[in-house]
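Both of the next two complexes hold subunit A, though its partner changes from subunit B to subunit C.
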Partner chain A sequence: MTAFRILFLITFSVALLLAPIGQSNYIIYILCSWLIFSISAMGLNLTLGYAGQISLAQAAFMGIGAYVTALLTMAGVHWLVAVFCSISATFLIGLALGYPALRVQHHFLAFVTLAFNALVFLVLRNEEWLTGGSLGLVGIPRPVFGPFDTMKQLPFYYFTVVCFLVTAGAMAWMLRSPWGRAFKALRENPIRANSLGLNTTRMTLLAFAIGSSMAGLAGALQAPLVQFIEPGSFTLILSLKILLMVIVGGSGYFFGPILGAALVVLLPEMLRFTDGYYLIIYALLVLVVMIFSPQGLLGLGRKLLIAMKPRKERGDLKQGAQL
Partner chain B sequence: MAELLQILISGLSSGAIYALAAVGFTLLWQASQTINFAQGEFVMLPAFFVLAGMTLFGLPLWAAILTAFVLSIVILGAMFKKLVVEPMLPHGTMPLVIATIALGLLMKESVKEFYSAQGQPFPSLFPQHVMDFFGASVSVQDLCNLAVAFAAIIALQLFLQRTRTGRAMQATAQDPRVAEILGVDVKRMVMYTFLINGALAAIASILISPVYLAKFSNGETLGMIAFIAAIVGGFNQIRGALVGGLLIGVLDNLAAVYISAEYRTAIPLILLIVIIMVRPQGIMGTSEGRTV
Partner chain C sequence: MKRRVFAGVSLSVMMMAMSAHAETVKIANIAELSGPGAAAGSVWSDGVDLAIDEINAQGGILGMQVDMSKYDTQTDPQVSRALVQKAIDEGAFALLGTVYSSSTVVNMLVAQQNGIPQFTASEAPSITQKGNPYIFRTNWGAQKGMPKIATYLKDQLGVSKVAVAWANTEFGKGGHDSFVENVKAAGLDVVADVPSEQGQADFSADVLKIKNSGAEAVFIYLTQEEAARFLMEAVKQGLDIPRIGDSVLTSEKVIDLAGPAANGAKSHAALTIAADDPLVQEFAAKFSKRFGYSPDYNGMKGYIGAYTIKYGTEMVGEVNSQKLADVVHGLCLDANTYPGVLIDMCWDDVGEVSRQSYMVEVKDGRETVSEVLPAN
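== the complex of A and B ==
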């Protein structure tokens, strides 16, 4: 880790702590929303940026996480227990869904998850006895930790920051562990990873399941933040938005999804003056980013950086990586 | 029995239209590994070309349809290929998938903002009355839709198999490198595929819009169904997409009557998951060589 990186991390954490001070409740709500979507997008980044699989069910997993937490906390269970259930449920469903899809062909996970997202929406809407149907669930309590009550917006923000930092830390730790190295090997060169004795299917499945469980965590935070959930908030459109966060930010970069989530969550606020044209401008921006920099914004930044100070690359290493 | 026949015919009729979209989807995949997530919007848009031609420029229906047809081929075929697909192809499938998602959103929102957010009635090309057919009441419109969609697919199949250009296109789809060595102009063949997709989308749009009103959000369901039809039938076969489309049309109608209206849309999704688990190459498909 370079000195620059440490400095950046410290500045980022301090900025996170100072950001909400003196802001209105609405701004704090937007910040919370950004952190929550960052968690979800980081999960998808694991699936997409590291294991190279498109998942279009990230919103469905967020929905499952949100409904599990909402139902449990409304029944009086503590949030800590509920979030554990949310994460385990989404992890197991991820395994069950990914196993048949990854067994066959690589782009099939995208199709299966697409169908799964639509199915989850139907179940959430139709099973009224459990999920409240299209009216959703209202009045989800916010967690209380002893003397620390997150009912007010500012304490809830700090609670979200803690969850975010813990998740980001766990993710960074995992990426440096043998698993993380295996994920990276998958991304860089799956054939070589396979020949070195990695079970590529199993590692991909694991990356997908962990990525899904992070969406479960994000959902478990979303439910107490909004205190109201309905099936319409977890449709395919949201999955596509999370996918855009990862890609536009830069998939495969640790900070890519965080930047992407900031753009996708904050851009509507910034483009508010354009009224209904917001989505049109947004779609155009994405198209332009994709055409000019398929690696996303961080990829573009890196490209510019390399262009500014040309470094000599070791040709033999590059050749070796392609073997 | 009469009821079943009725359901079958209306199912086949919508299924044939789904098949048009699914065939286009398959063609693009074969020719350039493009997974077009905007396919549903491609079918939604031409109807609005027709409506705009009629209301804004006062064209008669036939002229408006002709203009829409040409516009679809130019915009959804040539421009899509040149401006979106071509610059992104060297970077692999992923950026292109995102770009088509964004393109779909762009098309949908543009229609909503610049034309109308409400469903628009669309003039029907065929008589509306209902015929008696072995006790089942069958609408003439359904039969005509079925006939036109089938005619389009048969014409396409004949073109691909009987003409030199068609065979060159097939060669390109199978192996662009070998095709190039054998003297096929690969770039032009890929371009033809995109033009054909634009034309198929226009036909599907003009057939389906009188049934379901022309609405900006039509693409969501249509795209999903085309997608599922292509995979269920077999991703690398045109007749697979046809079978998939028909099957989904019929199943959808059967499910609405005999199972539950609430879970009607779930049937194609479940079918998709089952097919991927049991027969991943699709009903008609042959398994592709697996790239490790």
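== the complex of A and C ==
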């Protein structure tokens, strides 16, 4: 890890801690929302950016995570237990879905996961006895940890920051482990990875399940943030939004989804001063980014960096050319 | 020199802004200006704009000009929650909106936590049943209209078997449950119960199911675009039974979209510009002149909501959120003294509204009132 990288990480963490100070509740709420979507997008980045599979079920997994946490905490179970259940449930469902679904790849997988998303929406809406149907669940409590009560917006933000940093740390650690290297090998060249003795099916399945469980965690945070969930919040549109975060930020880059989530969540809010035009401007900006840099913003940054950097020329070659 | 002029100009602009700020009352309108709810939200919002401009032209509230901010929820409940927070952070002392019930149930929690009164267009029964002392409707909830519809079906139309087509959302579900409960209590049979999705484009299966069920009348509880599609499909398949709904079914938007297919549709409406009332007619004329289209019940709700804030605040005598909420509970406004409410109306202690209502029928592409029913 270079000194520059360490400095960047420290600055980023300090910025996270200082960001809400002196801000209104609205801004703090939006920042919480950004961190939660970052976690979910990081999960999808694992599936898409590292293992190379398109999943359109990220919203469904967020929904499952949110409903599990909501139902448990409303029944009096502590959030810590509930979030463990949310993560386990989404991990297991991810495995169960991935096992048959990952026989197909790329856009075929996108369709299978799309169908799964629709299925989860219908179950959430029609199983009224459990999920409250289209009326949703209202009044989800926010967690209390001893003297630290997250009911107010600012404590909830710090609680979200802690969850975010722990997840990001775990993700970074995993990407540096043999698993992470295997995921990358899978994306770059699955045949070669297979020939080197990597069980590609198992690794893809694992990436998918871990990515899903991160959506479960995001859902478990979103339920107490909004304090209301309904099936309509977890439809295909949200899956596409998370996919947009990963792609616009730069899939396959660690900070890609975090930057992408910032763009998708924060940018429309920042553009609100333009009144009726803000969604048009936002859509145009996204289009421009996608046309000029299909690798997302971080890909664009890297391109610029390479273009700006003075090329190191070997003196002897230069001399040789003049001979 | 240039710099000094610039500094002088900006200083005076700042001072003007500050002095203007000191004499204004902040109100926020949070509405569905984009997304699937835009058809309803933009009409509501135009109604609010019309009222606020009139109020300002008449000297504002308690002599202060109204500074209204508008926020677009994109028809997303979570965005609406964040925006209610934003509006309150920015100093709004009373809120208008939202239209879709699924948004209102979420964002009214924020208004409640901050003690800010909120005047909503939503009609889902659950909204006033949660014990929130800061929520007020601008029209009564679906549960209040249903007994009248059940009586109408039984006594006026003389049917015994009825079908119901409803939107499977917070709005539709609340209305559906209340309708089924009321018609069953009146001794009618529900022979077909057909839910549909928000944004559903094809109603052929729904209409066919109702046609084959032997129902003698169908109750249509869908949002505007879906209701129009349903009516068109009903004509196509020759579904020849009375088509009954609530305010939505005979609203201007549905008539526009469904064209001749809307003819013959009947509804029980609380607010309609077909009402033979000089205040309502005057409102409709002003609205059409300014925006170039006829308002529907959502436009009326926005107008009434904005005026209610004015009347309530002036009764209290100061700009105070808590006192405004207290005074509107149990308040009755008479349209002769308070013309902004258009029709006499009362709020009870949970923010529910009572006012007279109408049976409306669409004839030759126009709403016509066939009967006036008393308030309940």
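Everything below uses one rule, namely that the second predicted complex is superposed on the first by the 293 of 323 C-alpha atoms of A that agree within 3 Å, B and C clash if a C-alpha of one lies under 4 Å from a C-alpha of the other, contacts with A are read in each partner's own complex, and residues count from 1 in each chain.
Definition applied: a residue touches a chain if its C-beta (ideal position, glycine included) is under 8 Å from a C-beta of that chain, and two chains touch if they have at least 3 such contacts.
What you are looking at is a predicted structure, and each value in this text was computed from that prediction instead of being measured.
J.: In the superposed arrangement, which partner chain does A:P190 touch: subunit B (first), subunit C (second), both, or neither?
T.: first
J.: Figure out whether A:Y277 sits in contact with subunit B (first) or subunit C (second), or with both, or with neither.
T.: A:Y277 sits against subunit B, while subunit C stays out of touch.
J.: First (subunit B), second (subunit C), both or neither: which does A:T201 touch?
T.: The answer is neither, since A:T201 touches no partner chain.
J.: Using the touch definition from the top, say if A:F111 reaches subunit B (first), subunit C (second), both or neither.
T.: first
J.: Who does A:S177 touch here: subunit B (first), subunit C (second), both, or neither?
T.: A:S177: touches no partner chain.
J.: Please work out whether A:I30 is in contact with subunit B alone, subunit C alone, both, or neither, and reply first, second, both or neither.
T.: It touches subunit C, and subunit B stays clear.
J.: Under the stated touch criterion, which partner chain does A:S13 make contact with: subunit B (first), subunit C (second), both, or neither?
T.: The answer is neither, since A:S13 touches no partner chain.
J.: Between subunit B and subunit C, which one contacts more residues of subunit A in the superposed model?
T.: Looking at subunit A, the partner in contact with more of its residues is B.
J.: With the two complexes superposed on chain A, say which partner A:S88 touches: subunit B (first), subunit C (second), both, or neither.
T.: Neither subunit B nor subunit C is touched by A:S88.
J.: Do any residues of subunit A touch both subunit B and subunit C, and if so, which are they?
T.: After superposing on chain A, subunit A residues 276, 279 contact both subunit B and subunit C.
J.: Can you list the residues on subunit A that touch subunit C in the complex?
T.: 24-26, 29-30, 33, 125, 133-136, 138-139, 226-228, 230, 232-233, 272, 275-276, 278-279
J.: Once bound in the complex, which stretches of subunit B touch subunit A?
T.: Against subunit A, subunit B makes touches at 35, 84, 87-88, 91-99, 101-103, 105-106, 109-110, 112-113, 220, 224, 227-228, 231, 262-263, 265-266, 269-270, 272-273, 276-277, 280, 288, 290, 292.
J.: Which residues of subunit C touch subunit A once you look at their complex with the stated criterion?
T.: 33-34, 70-72, 74, 76-78, 81-83, 85-86, 88-90, 102, 105-106, 109, 126, 130, 168-170, 172-174, 198
J.: Which of the residues in subunit A end up touching subunit B in this complex?
T.: Interface residues on subunit A, with respect to subunit B: 48, 54, 100-101, 104-105, 107-108, 110-112, 114-116, 118-119, 122, 126, 190-191, 194, 236, 240, 243-244, 247, 251, 276-277, 279-280, 282-284, 286-287, 290-291, 294.
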